[in-house]
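Next up: some structures, all given as structure tokens.
First chain A sits with chain B, and in the next complex the same chain sits with chain C.
Presenting the complex of A and B:
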């Protein structure tokens, strides 16, 4: 036993550091958040710590999932789904081209750099850029009116949030789809073609199903990023639209209702986990090798 | 009729010439192996036939029909890869049925033909499994079934046994060969393994640096190598450099005088003489022809055979292989012996 410990000493030290860090910075906060979400909100109670008392209750979840709050939760999930689907659908062809087409090396490199740059732009800069483009006199509306369409009030709509999110998510999704598509063995496609399937059929029968794990990973990333968006709905929603992250902030910082804020955060987390599970079950059980 | 004919194929990636004017033909129903070291262009040639590489020049005919301008999916070839390339997301049944569904066959015909194909590779009952549940050898047999079930005009195999262990490889060689003769399919087989080439083929084409070095039956390739590369690449050999004179005597640089049969020599003055180790007999006393005294220096026991390294002169060692028919006949290190071979046992090629 002693010998085993001595021999594996460096390993044990490294593992301990990892466990401690993981526990301190991930598990513990998670635990406190979860615990808070089940505590009772008590703004006036005597002896309450931070407007709450440690009594177990479902009240916070009940409030979060009824009435206007429920509408905001549903809106958040909807914006998440719409933006994710749009971004992945738009990104897949680009990633496919970068990963599986021969030639155009310079153009591809330029595109990748552009995508990385757009990924790295701060959220404030991006959101206000879109704000100025989407206002009544902004670029998009000017374009619409030149083309003979009605001007549209984008600011304060879900659509504005989705446009801004999709633009950001395209860089995320494309960058995360390139490598799984690159790693897909071209022999599978060649086998399909040699058996008589032309390009489109080969793509639908073989390439697309075999790239599902990459698609799922990209979708989960996009979904998680969107449902936790904060600045985008704050600015482009212009107060008319709130997403769950905004509700968390309001609950914690403006009305000091920590249990309710924690409940919103937990709901976000659960939504992400559930979407992960559903996608995994629905799409991947077969494809995984 | 020719099952496959390629004419003057050139293939080039940038400045790198992969194939340099390769022409060959395979008679209908015959098995031809492309043999060569890695990078010799053998896989490229197979991919040109399959339609995945566009040659810079040259023509490909399958059963007399020109195909080099057709896309791969119109060529009707059965293709088997080294890493099997079974579709991981489909069951074995769906893998094998893939090509049949594309041909819009009826349901019952598809299932009949899939069943036949699985019987042919002796994996009936595997229909509902996924490729990952099969061993490498089984996957390779399914890959064969998938290629054969569409009744292709020719069968192309790209190092199909290279990922398998020795026993399985030896077994599958014979199995592939027997399936090939049963179906009577013209077959192009790519390998770097000379034993595989000799065991399976009707014809072997030895390829190096994008050029065919020799085409012939396995016996021909082994016994009458056309040049130094073929002699070196196929089998083992003792190499003597020297001069050849028209009376059938080869004089080596260290002064040995070796008799060579007619037909075993290239028409050269300076050349290289090869003697295969198994052609050499070891005796206590000298024989009449090509007999040289030596001393056994190293013995390597291999079970069925034993290898002797025998020094003829201080600078010359010769490798001989003997079957062990009786254990008592094993020789000892340091024994003085004579090595000899018949004039028919060696071959001279240009150096």
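Presenting the complex of A and C:
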């Protein structure tokens, strides 16, 4: 008996985690959240618990996807796309340099530490650092005014959110692009060169297409991270700009419309899961080829 | 030949340009934030009008923030320890055992990585209220365990894959039992992965706001929640000092990871 427990200890732990941590505190809450998103918001109903009554209605989703709310959903997707494209375009050359160029070991090491530090520093420090940079009397505005330009109100614009988000995404995108670029078989590049193509041509016709799955994977990861950003739009949007995750908070904590909040949460979850699902497919197809 | 040299040069300029731009983009805001946090006045401004530690003094003596730091760090350490302790046997099971539903369980255990933390937060808040689970520090620990466990699992599983099983077999052949073998052979070999995953778990837990905001009570406010609450009403250089402190913590964690495990392994 004792031997059996010792031998199968890892399996016992897996079962415990699956049932207690994930069954009870992940799947069950998600189920309740999903169920609530179909309930009816009824702030004045007699006997309603938490301003809602059990029902099966799509009106929360309808409300979440029309009018001003729809504008915020579209804004979230737009910020996601813009930040992702900017981050991947900036990260690709850097990842290419780390993975495919010889030498510069010390600089590469410094860059690597920079990328990981930027990742570990986290969203709070980053968002307040950008607040200092972009505020009315901040660094960027003082620079603009010294150069003779007008001061610009960055805080409360999409641009501010994107600038801050891209800074975070660069470390995510670069770190995830390095290994696909490193694992490219050098044979193809050599073949291209020996057939007379010069460096840039080889890059455009061989390296870039071969690294496309890695680009797709990095983009989806960046997109999923950005659409679920919370602190960045909260602080740099300064109330003027809300993203879907902020709407979830507003609906739950400020107006106590749980069904609407749940609907926003489900929308956010779907956006994030779809990109992650596609990401996994992209990774699998890369393993196969 | 001439145009080929020109495109080559252009390629070089693009690469070096982005490398330099990236380093600047990542460090400059942190450095400038640090500089601006020494502002003596009540408005964050550049260039600063003097040099003073007044906002640091305010930040490090304010009971709101001190309490927040205590809550944040104890929460991060407890949930990181739990996450690592669960992830070690779990990754052993995934790497070495064959059992039905393994694929599905792997997806389930890493699902919180693709779940926005705001969503996890509301789901837990609502669930705790449905089952009448009173708000306490335990709720925060459960929530943060869900956030940190997938990171630990992934990092430790990656370390496990490179493990030479014959070392364990040799140990068992020489008469050690499973527990002795684990302590003397397995643990020392996978320890870099364990330390790395512990550091990552701490960073993830310290940084979270999306979920945490739904699970805090008045007495269990984390530092980030306290800071956001303060920022909502007062716009003074305290946030500069606070983010300088958080930057210091993040950089310290990175250098620790670099010293203990070496970061090159993450490049593979």
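To be clear about the criterion, the second predicted complex is superposed on the first by the 243 of 289 C-alpha atoms of A that agree within 3 Å, B and C clash if a C-alpha of one lies under 4 Å from a C-alpha of the other, contacts with A are read in each partner's own complex, and residues count from 1 in each chain.
Everything below uses one rule, namely that contacts are C-beta pairs under 8 Å (C-beta built on N, C-alpha and C of every residue); 3 or more make two chains touch, one makes a residue touch a chain.
No experiment lies behind these values; they were computed from the predicted model shown.
Enquirer: Between chain B (first) and chain C (second), which, if any, makes contact with A:113: first, second, both or neither?
Expert: The second partner, chain C, only.
Enquirer: Go through the superposed model and pick first if A:42 touches only chain B, second if only chain C, both, or neither.
Expert: neither
Enquirer: For A:187, decide between first (touching chain B), second (touching chain C), both and neither.
Expert: first
Enquirer: When the two structures are overlaid on chain A, which partner does A:198 contact: first (chain B), second (chain C), both, or neither?
Expert: Both partners, chain B and chain C.
Enquirer: After the superposition on A, what does A:209 contact: first (chain B), second (chain C), both or neither?
Expert: The answer is first: A:209 touches chain B but not chain C.
Enquirer: Classify the contacts of A:241 with the two partner chains as first (chain B alone), second (chain C alone), both, or neither.
Expert: neither
Enquirer: More chain A residues touched by chain B or by chain C?
Expert: C
Enquirer: What is the contact status of A:77 with respect to chain B (first) and chain C (second): first, second, both, or neither?
Expert: Neither partner.
Enquirer: Where on chain A do the contacts with chain B and the contacts with chain C coincide?
Expert: 198
Enquirer: Any idea which chain B residues touch chain A in the complex?
Expert: Touch list, chain B to chain A: 50-52, 71-79, 81, 83, 85-89, 98-99, 102-103, 130, 132, 146-147, 150.
Enquirer: Can you name the residues of chain A that touch chain C in the complex?
Expert: Chain A residues touching chain C: 6-7, 9-11, 13-14, 17-18, 21-22, 25-30, 32-33, 36, 50, 90-91, 93-94, 96-98, 101, 107, 109-133, 135, 137-139, 142, 167, 170-171, 174-175, 178-179, 182, 198-200, 203, 224, 227-228, 230-231, 234-235, 245, 248-249, 252-253, 258, 261-262, 265, 268-269, 272-273, 276.
Enquirer: In the complex formed with chain B, which residues of chain A make contact?
Expert: 185, 187-188, 190-198, 201-202, 205-206, 209-210, 286-287, 289
Enquirer: Contact residues on chain C for chain A in the complex?
Expert: 4, 7-8, 10-11, 14-15, 18-19, 21-23, 25-30, 32-33, 36-37, 43-47, 86, 89-90, 92-94, 96-97, 99, 105, 108-109, 111-120, 122-127, 129-130, 142-143, 145-146, 149, 177-179, 199-200, 203, 206-207, 209-210, 213-214, 224, 227-228, 231, 239-240, 242-244, 246-247, 250-251, 253-255, 257-258, 263-264, 266-268
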